[in-house]
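There are two complexes below, and they share chain A, which is joined by chain B in the first and by chain C in the second.
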Partner chain A sequence: MLTTSPIERILRGLAITLVCLFFMFPIVWIFLMSFQTNETILRIPPSVVFAPTLDNYQALITGKLETAAGMLEINFMRNLGNSLFLSATSVAIGLLLGVPAAYAFARLKFKGSEDIAFTLLSFRFAPPLLVLLPLTIYFQQLGLANTYGGLIWVYQLIVLPLILWIVRGYFEDIPADIEYAYRIAGHDFWSTFRRIALPLAGPGIAAAGLLSFIFAWNNFVFALVLASADKQPVTVGALAFVTASGIQYGQVAAGIVLSIAPTFALALYAQRYLVEGLSLGAVKG
Partner chain B sequence: MTISLKNIEKSFKTDTVLDGVSLSVDTGETLVLFGPSGAGKTVLLRLIAGVIEPEAGEIWVNGVNMDGVEPEDRGIGMAFQNFALFPHMDAFANIASPLTARRQSKSVMRQTVDQVAKLLKIDHVLHHKPKELSNGQKQRTALARALAAQPSILLLDDPLRNVDAKLRFEMRLELPRLLKDQNATVIYVTQDYKEAMALGHRIAVMSNHGIQQIGTPEDIYLRPANIEIARLFGDPVINLLSVRPERGANGVVVNLSDTPIEMAAGFEATIGTDCVLGLRPEALHFVPEGTPGAIPVEVETETPLNEKTVTLALTARKREIMVSRPAGSPGPSRGRAYLLVDAGQALLFDRESGARIAPSTHNGLQEDVA
Partner chain C sequence: MSDAMLRLVNVDKYYGPLDHGVAAVKNINLEVEKGEIIALLGSSGCGKTSTLRMVAGFEAVSRGKVFLSGREVQNLPPVKRNVAMAFEGYSLYPTVTVRDNIAFALKAARLPESEVTKRVAEVSEMLEITSILDRFPSSISGGQQQRASLARALIRDADLHLLDEPMGQLEPQLRTLLRGRIKYYIKERGLTAILVTHDQTEANALADRIAVMEGGVLQQYASPEEIKERPANLFTGTFVGEPPMNVFPASVTAAGGKLHIDLRGDTRGDLRAGLDLIYAESDFAQPVRERMLGKRDVVIGVRPYAVHRAAQGAAAQVVANQWLGDQSHIAASFAGKSIVLVEHDRAVLSEGETIAVEIRPNDLHVFDAETGMAMSHGQELA
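Up next is the complex of A and B:
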């Protein structure tokens, strides 16, 4: 056991508090803002003392935004639903396609496999804006613009490389002998994949799914260009708060709180898997 | 239940691992694959198991060509050197995995697993996950898994490599009985010559991408095909001394420290050629001064090794010689001593090629050197 002097412990606690404050402050401030009106938010000097109001949340949930210029219809709840649907479906499809592909890249060394895997990764290098213009034109011609299907397809650019490369590493970490042993015991290729490879790469698959969910959720540009109001996720929908009569800070804050809540909750819940999944040696028996 | 390999070739990228290996194992026979690491022993097992494919050659199991037969359809049991247990399943599920593949009923499965677990003394840890097992228990679980479906062919890849010395010793005694009870055809890989000699009906010595010699343990020890194999078997290692055989009064002699040693009959062809004399440490005996044919040596050190005592001595030309004798028997511990060579056990190798020179027999035929 290392013994630490009281002074050292106090200093360490102080340092940790400072770091936490630094990183948590924006989130705490936004959380506080979401319970204030625009007037209390904008007063100078700012204060943490205010009469909390649920107006912002109410406006978001009912979809009726009261502004100085009059009543404004916003679709925040629909946007939230869109975000959830788009991200979840994209990740589900990404896992369905990416996990078997990752296994193939990890285990079956076929001609050009490295090149194909790298090409898939290179999708992450391309600036989204670069591919957006041609993509938009194609999508309009194909009738995919402003459809969920089209968006989910484009979201694969985000989630698929991520899933593929993270999960591939996990499959490669499983000693091939373990799979050989299962085959020799009399099980065919597919049941070896299902009963051995999948469970052993489980933490990695969970981590990849979670990360790609967050990436998909945070996407802005693709949805901004390729979707109109009724298909937009929250990231794009939040633009509606920038109105002609000014920016609705309270609603923006409430919108942020609502939109980060799902990913935040998911990350907290799956923290164990994330740490386990992103650190090596998870499957070493 | 035979295994037969014909001209197997296998390489990884540009590295040749196996170059024209042929081999056959009979029903109920235990063949030990012995050789240094990197000799291709494990690769050979995997080829037979079907998890990798040869570039050329044929693998026949029970008279069926295995080309294109998936590993799950070959009916083989295999134990891996690193155990390769399924980390997310408990010992029971690990051992039962060949039975689930054969769609056995729950009760049959339980009965079979219990039986094999009891045999290997792991019945008390069946509900443990592999990481909760000791190395010895892991090894037994892996062995139990290989045995569970009672395969007619068993491939054991150095299963005792990663267990402690005590367990290795116990298992070396237990395994032959266990394998005999299974009545399976066994290929056993090891790097330990004692294990090879204890377990194998026959031993195949592998090195340089191929099989150097196949024979009974006695064959390999007493009639090694070349210097390399002679060195691999035996502890302490065989004494190797450069000599040039000459014609003596009663046949061929070699000179050690100016003392002529009469070789057994049949070495006439070696006269005047450069040879290496191989003397097993137990083929040398300390004798009193004045014994005819004794070689004078200086004793350097004496090392007691449980059942035997090993003496390091120097000849007149400062060549090192190891002598072993049963522990407790009298022998010099320092100073001058005299050695008598058991010429019947002396081996001669060609210095150039390293191949053993077999004495020609009376009817002029060369002894088969595999």
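Up next is the complex of A and C:
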């Protein structure tokens, strides 16, 4: 890219605009929908001109949903809280278990290590529906159905393989000699892991944490089957907007905006951190 | 138990299962005295780095024992061995400055701040890296990283300093300068060091003793002079020395008070006949002569600087003549093979010219053709 002609620049700009439009339009449209009533949303032809209203957000936050058929109680805020709690706890536990495991898989050669790592990855291959029925039965027998603990446990199926495989790659990219240099300077295995391996793999761990948080947040089917209303995350809770008297598009849109806000904010924040971490860690060999 | 700083006893290294995996090091025995500088010299894959890493504790010893200042250490983790190491890949901690990298171990050992500062200043001045102490490893050149890594190892008070190709990335002038300084630094402090290198000039300049390795086997362990003058086998003879030793397969016979060394030339269908070097029997000491005659097939070796042009001698045709500015390298076809001569003056010779070559009996190295082991060097038995 030494010189670019004006035509090339215009074409490139056009292409970028198209791509942005394609990806951003649904989000922008939903954002606009969340400030409209069902009537303005459903009018034909659609228009971007409307009188904005905060009714949808108010209904979600107070938990009182006005429909044509009367007043409906929803606990969207509780669902949001559940989502936050379930995802954050799952990721925290996943990191606690997955990062040392990833280090072991990356650094120590032990019998069957590849098989174990692959088995963990294979959890991601099977469709969740496949394991759902036996899982439900077991969970009911064990008393884990409809508990936070049970859900967090099941969420490890989503979170753990992801963390393990992403972080393992980052650990493998750290030259082993850096750790050796630290160990030979009088430090044991454990402190080498904490003081050298962990900081150097920091960006990778952050990326894995972020990604698995999003995956956990977006999970629907496990929570649908294994949790009742008071333990459900937003993904399942949003079903409440499909009421007897029709779909409440305005509230659905507001619910979506509220529920993507945390992951969106997290992604924006972590992106800055990731870029910083990756450009700083450059290890020349 | 001897009081050697380091002792390797029958050490084997296999990658993969014992006896069936890839053998990187085979049955090595080595002793390093306190205050000595040792070079492990060999080509790539000869096992020298594996040996070093076993001493450091990064590779498990497959079989055998390692003693470090009297303690048996082959089962101890690196942290308990009290060795310092400069890595071939530098391996500086990327998150801290060069200064902190160098001072790392001293700070961890809770040395007083003033002592740390003093030592960092000393070692960085010696290695010419004072100006980059406050930079981060990723922002300095490979040569600078290498010197920082070397400084990080040399600053420590370890029983043993392991230096893996410590000067591979440096420019020739700096390398020559630093060789002298590093040797002085190590000797002045009474440190014991093992240097891994494939550069024989470096090994010769720095080491008190050189361990020549090939194929995982220790070929010879002796002083640089000894290795040059009395190579233990054909490998050491041809590996150490620049340009390499000239070697010719030969057979030795005695007749009428003369000793005939019949150079067989290239046996692979080259029509040119071999060449008969004739010496008086009295040119060789009795035991040497007997040993030579006792073997049917031998290999004769002679260093390029010991091949002289003379008024009379065996004929050779000049193939190439190169003046290097301080010495001439003359390659000539000789006894069906080629021979290289080194002369200190500019030789006026053109291609194809016939010269007479003299090889003095005292400069002959004789090796057993079968085993490659040295039989005699000049007038002495090997």
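In this section, the second predicted complex is superposed on the first by the 270 of 285 C-alpha atoms of A that agree within 3 Å, B and C clash if a C-alpha of one lies under 4 Å from a C-alpha of the other, contacts with A are read in each partner's own complex, and residues count from 1 in each chain.
Methods note: a residue touches a chain if its C-beta (ideal position, glycine included) is under 8 Å from a C-beta of that chain, and two chains touch if they have at least 3 such contacts.
Fair warning: this is a prediction, and the values are worked out from it, not measured in the lab.
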Does the superposition put A:L80 against chain B (first), chain C (second), both, or neither?
-> neither
Counting only touches as set out at the top, which of chain B and chain C does A:I166 meet: first, second, both, neither?
-> neither
Return first, second, both or neither, reflecting whether A:A106 touches chain B, chain C, both chains, or no partner chain.
-> neither
Mind working out whether A:I152 is in touch with chain B, chain C, both or neither, as first, second, both or neither?
-> neither
Chain B and chain C footprints on chain A meet at residues 175, 177-178, 180-189, 196, 199-200, 283-285
Chain B touches which residues of chain A in the complex?
-> 175, 177-178, 180-189, 196, 199-200, 283-285
Note which residues of chain A are touching chain C in the complex, please.
-> 175, 177-178, 180-189, 196, 199-200, 280-285
Given the complex with chain A, which residues does chain B contribute to the contact?
-> 46, 49-51, 70-72, 74, 76-78, 80, 82, 84-88, 97-98, 100-102, 130-131, 145, 149
Touching chain A in the complex, chain C uses residues 56-58, 77-79, 81, 83-85, 87-95, 104-105, 108-109, 137-138, 142, 145, 149, 152, 156
